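So that you can tell them apart, the chains are marked A, B, C and D in the order they are listed, and the count of residues begins at 1 in each.
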Amino acid sequence: MPTTLGFNQYGKAENRVVRITRDGGTHHIKDLNVSVSLSGDMADVHYSGSNAHVLPTDTMKNTVYVFAKEHGIASAEEFGIRLARHFVTGRDAIHRARVRIEEYAWERIAAAGEGEHSFVRRGQETRVAQITFDGADGAWEVISGLTDLTVLNSTGSEFRGFARDAYTTLAETRDRILATDVSARWRHRWTGGDVPPETVGRTVGGRAAGAGGGGGAGSPAGEGEAMPDWNESYEQTKSHLLRAFAETYSLSLQQTLYRMGARVIDHRAEIDEIRFALPNKHHFLVDLGPFGLKNDNEVYVAADRPYGLIEATVLRDGAEQRIPPDLTAV
Amino acid sequence: MPTTLGFNQYGKAENRVVRITRDGGTHHIKDLNVSVSLSGDMADVHYSGSNAHVLPTDTMKNTVYVFAKEHGIASAEEFGIRLARHFVTGRDAIHRARVRIEEYAWERIAAAGEGEHSFVRRGQETRVAQITFDGADGAWEVISGLTDLTVLNSTGSEFRGFARDAYTTLAETRDRILATDVSARWRHRWTGGDVPPETVGRTVGGRAAGAGGGGGAGSPAGEGEAMPDWNESYEQTKSHLLRAFAETYSLSLQQTLYRMGARVIDHRAEIDEIRFALPNKHHFLVDLGPFGLKNDNEVYVAADRPYGLIEATVLRDGAEQRIPPDLTAV
Amino acid sequence: MPTTLGFNQYGKAENRVVRITRDGGTHHIKDLNVSVSLSGDMADVHYSGSNAHVLPTDTMKNTVYVFAKEHGIASAEEFGIRLARHFVTGRDAIHRARVRIEEYAWERIAAAGEGEHSFVRRGQETRVAQITFDGADGAWEVISGLTDLTVLNSTGSEFRGFARDAYTTLAETRDRILATDVSARWRHRWTGGDVPPETVGRTVGGRAAGAGGGGGAGSPAGEGEAMPDWNESYEQTKSHLLRAFAETYSLSLQQTLYRMGARVIDHRAEIDEIRFALPNKHHFLVDLGPFGLKNDNEVYVAADRPYGLIEATVLRDGAEQRIPPDLTAV
Amino acid sequence: MPTTLGFNQYGKAENRVVRITRDGGTHHIKDLNVSVSLSGDMADVHYSGSNAHVLPTDTMKNTVYVFAKEHGIASAEEFGIRLARHFVTGRDAIHRARVRIEEYAWERIAAAGEGEHSFVRRGQETRVAQITFDGADGAWEVISGLTDLTVLNSTGSEFRGFARDAYTTLAETRDRILATDVSARWRHRWTGGDVPPETVGRTVGGRAAGAGGGGGAGSPAGEGEAMPDWNESYEQTKSHLLRAFAETYSLSLQQTLYRMGARVIDHRAEIDEIRFALPNKHHFLVDLGPFGLKNDNEVYVAADRPYGLIEATVLRDGAEQRIPPDLTAV
């Protein structure tokens, strides 16, 4: 045969699971979109169609729902870790699992009496997580992130002193709108270490009944160090991204990006690497001259396409660069 | 010619305009998507291609931007009223204008120092408005609304006692998740009346310098009664929709819909009619029996298609039904 | 109670059904998205939550699948007629049914041997149909149509001699690209008449075993005249739309629209009314002057927003205008 | 500073360009969406906001349009090669260019007389290309591909003999629908070689006036071998994908995927590697048992989510694996 199989994986994508937990009359909700991909000893199914090593993707779906029941969903990351470990440790033919999760946030509706079980979808960014595991001690990779967090500075942004060539017509500006849909992925330092998997905390009612001390909810294991509190880490990181965007006087979107990344690395010890893809959502000042009017940075057209696209990774000094350029959500 | 021209309109759709106003160092932002449609004496252009009566859609786009500069954007409704009146009163060939607006909400980023001009898109529902005017006194029609407000009750919803036929297999339930994406349109009682259009307040810096007393921002005119404060009306109506959804023990989504509508009519004197399209976003209880587990309303699959779709109008007694069934946003 | 229920309907939307029929080793495929909406004696469920008259939307879903099995799918229209008649004639509480259908076209893959059951989705326009029935003799309304048929003339289009006001800056042009995504809905003359419903032809294997002579597949009934051959009607109408777009030297998109409509009415006796919504997909000539180049109608930017939007109905002389302005697909 | 800049690139995304060429009265059309990303000596702009090395993304947009005028668009690949070479060879600070292109296909409308400049968008798959160049001899990487080619076999597909665990409930099947949206990327063997860039053919009217003999349109250069005829290569590869899908009796989607890849490698000498992401678009047989009916593979529900997702690379023996798992279109 003149052809060979290269890297492959298979799984069930976009399993939508909603988990309700009750605390007396007060309900809690977690709303996830879970995608599982497995790889391993899969040459036969590609070459000959033998499914002997192929756990059906339908089974992966079932597992997502069973795990949501049995372990609750303390966080997207914790839930993904449980799933990944299950698939890799449970079957010889599976050597690696990658779990991607989107999480949709809900807030409570302020209402009389009935409000403890009523929610409105928050609708802002989508939280994402990717958990990868190949079964080796200390080989966990947890990447968290967010997409579609749309931010805008209505001043405090310049773009000047740029390079020019024969095709450059752009004018310099000392005051423009800077707007972007933040898409960010950050990699946690935690890699699991040599703590036996069975020490992972069992959860009751969606919350961790921890395995003793340890870092955060459900702490499976730590490479000398504790597993992060994933939810706290997420909220703090999002807050730092917003503040860095707002507090940076911008000379370019690249500079703003770097400040956003550096602030996260500086303030969040659990994060070693962060990657951004930031579309420059152009807001063009409308030329009102033909109508005898001056547009003093008041009226803008929000353009769709084309858009600038600024991508970069910011690393803690000495950290390895591992987040690939095109990491996607699902 | 064996064919005749029927109802027609033309315009420029989806003009994206962002208006910044300054209050010292504090900036305000309005972010709209404006669609203008005009109709009138347009037989010639259809029959022969004569454009003598056709104001270019490009001109409508320009007008949106000029008006954003000159009058600011106090509210989507007020802005739409100005545009509609301009087109209808300014040209003999234009007999009717319909302006549709989507508005995207932004909130301030909490940040040190620089926060007065930094925003994050709220991302929840989209506010919409439709203004129709044919030039006659008291002939204004203002419909406000919202789309994609996603809400969920995790209990307090039954579905029982329904009709059955040979194709019915659905089991009754006394406890289910009830979730929907609220799409609502409400028609205001205000129709403008005989107040001369020129009394419409001019705005400075995006806020109204009112024509004396009167109802709300920029009050153009009122049929004996004041023009509503459109922003206040919107916020209150949204709040009532959320509370009615949360506070209703639901026997059917139809009943919940009616309660939502009735609450708005009861509490908001300026609104005479409200129409809903509520998809029943099914959350199916996962059967965990094959795995020896009981699913005590804990784990659900959020389904995409098909979905129930419940549509109805709720009217103030004596009010005329005018919102068409398929009213869309753009 | 100070509020009243207005027009309401409910149903199951977006039932995705794929029907395979076999002709020996050769397979045929029909791929539909079916949305059912029923209205009738539904005050109680809105006012009090009593579901006694509410046939579950889940039952409507089941009915779609059972009918696909029992009757096959000769055409979207014929299938919708069966469904609408079933719901209206089968239950006292249901007074009116509206069925909307999207159909996705497939073509065969040219392949050796196995090709008789292999298909590739055509991917061009989506065919749509809306069937409305209230149980009365001769009260059928069948609207067929299509969406997203994207067409472009690279010359043969002017735009000159238009009206101007203070906000007009557009230059005239004698040669531009004219492009649009055709969305059209056409209403058939056929309304059913007094022929008893049971004469509707049964189908075998998805094709009609007609009730004798008559117009087309499955002819349920005709008001003196035969039911159209829906598939032939659709293909011919689409062809006329394309040819009229291509063969019209355009002075305005309104004129092109009218020619498209008139051609359909002229050539298709079964159609009395056609309504269009045609976005003017602007292709702007790029100004290459700054680079010392002349752009002789060679290089265009395809813009997204804003876009012109031209809407009009073309009627057979004497026909009633019944297609509403905002008719949507689902 | 405790942080470091990692891999970064920036550019202008989604430049929509339509290029018309004339052959007497017959027009030709190319319709592209072009995204340019550059990387190089960009530390300063991230660290300090100095834009001295930053060619504005607006300039990249201008360059796309100028090149469309000057060189025409013989193929997406050829156009991307020109752009990439221009950016890398033209500026010291730019070390690498990556150009991604989507192409939308149009076919002629069959019409009387005017048809030579009238087109209807084909609407099937989207053709894509990615060209990467870092300035070194023989360092070109050209990846072609397609997305959203939806195919379906209505029989000739089994899924049996799979692995089982405690969460497996899936039944085996000997006859199912197999459907997928093909997303494929294939890497060409051609890497440019040491032929001087200036031998790249100039094009006239969108077609190459070749630099002598050589492989295909506009042949820039070849590593001993000719540049492929990109358009011919694309059409043939698409055809092989379709035929392999149709002609494979499928025991699993993995097997079908491999056959599709192997057929391309076997028949297209210019291609060394191909990667697929194939969603298993589940079509579930509807259980009609409750209605006393047997569903003999006739009626299916086309499900949306979740879906299986099968991904794999097929390599020519000895070829290096270079297409990353998450390669996206834009």
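Throughout what follows, a contact is a pair of C-beta atoms (placed from the backbone, for glycine too) under 8 Å apart; a residue touches a chain by one contact, two chains touch by 3 or more.
Just so we're on the same page, UniProt names per chain: A, B, C, D = Uricase.
From a predicted model like this one, the values you see are computed outputs, not experimental measurements.
Asks: Between A-C and A-D, name the chain pair that shares the greater number of C-beta pairs in contact.
Replies: Per the contact counts, A-D leads.
Asks: What chain lies farthest away from chain A (Uricase) once each centre is taken as the mean of the Cα atoms?
Replies: C
Asks: Would you mind pulling out the distance in Å between where the CA atoms of chain A (Uricase) average out and where those of chain C (Uricase) do?
Replies: Centre-to-centre distance between chain A (Uricase) and chain C (Uricase): 41 Å.
Asks: How far is the middle of chain C (Uricase) from the middle of chain D (Uricase), if each middle is the mean of its Cα atoms, in Å?
Replies: Chain centres of chain C (Uricase) and chain D (Uricase), defined by C-alpha means, are spaced 32 Å apart.
Asks: Any idea how many Å lie between the Cα centroids of chain A (Uricase) and chain D (Uricase)?
Replies: Between these chains, centre-to-centre, one finds 26 Å.
Asks: Please output the residue numbers of chain B (Uricase) that touch at least 2 other chains, ranges allowed.
Replies: Correct list: 15-16, 62, 66, 167, 169, 290-291, 304-305.
Asks: Using the touch definition up top, name the residues of chain A (Uricase) that touch chain B (Uricase) in the complex.
Replies: Touch residues, chain A (Uricase) against chain B (Uricase): 15-21, 27, 29, 31, 62, 65-66, 68-70, 106, 109-115, 117-125, 148-156, 177, 242-243, 245-249, 283, 286, 288, 290-291, 293, 295, 297-304.
Asks: Would you mind writing out the residues of chain D (Uricase) in touch with chain A (Uricase) in their complex?
Replies: 1-16, 35, 37, 42, 45-59, 61-63, 66, 90-91, 93, 159-165, 167-170, 250-252, 254-255, 257-258, 261-262, 265-266, 273, 275, 279-280, 305-317, 321, 324-328
Asks: Can you check the complex and tell me which residues of chain C (Uricase) touch chain A (Uricase)?
Replies: That would be residues 166-167, 169, 290-291, 304-305 of chain C (Uricase).
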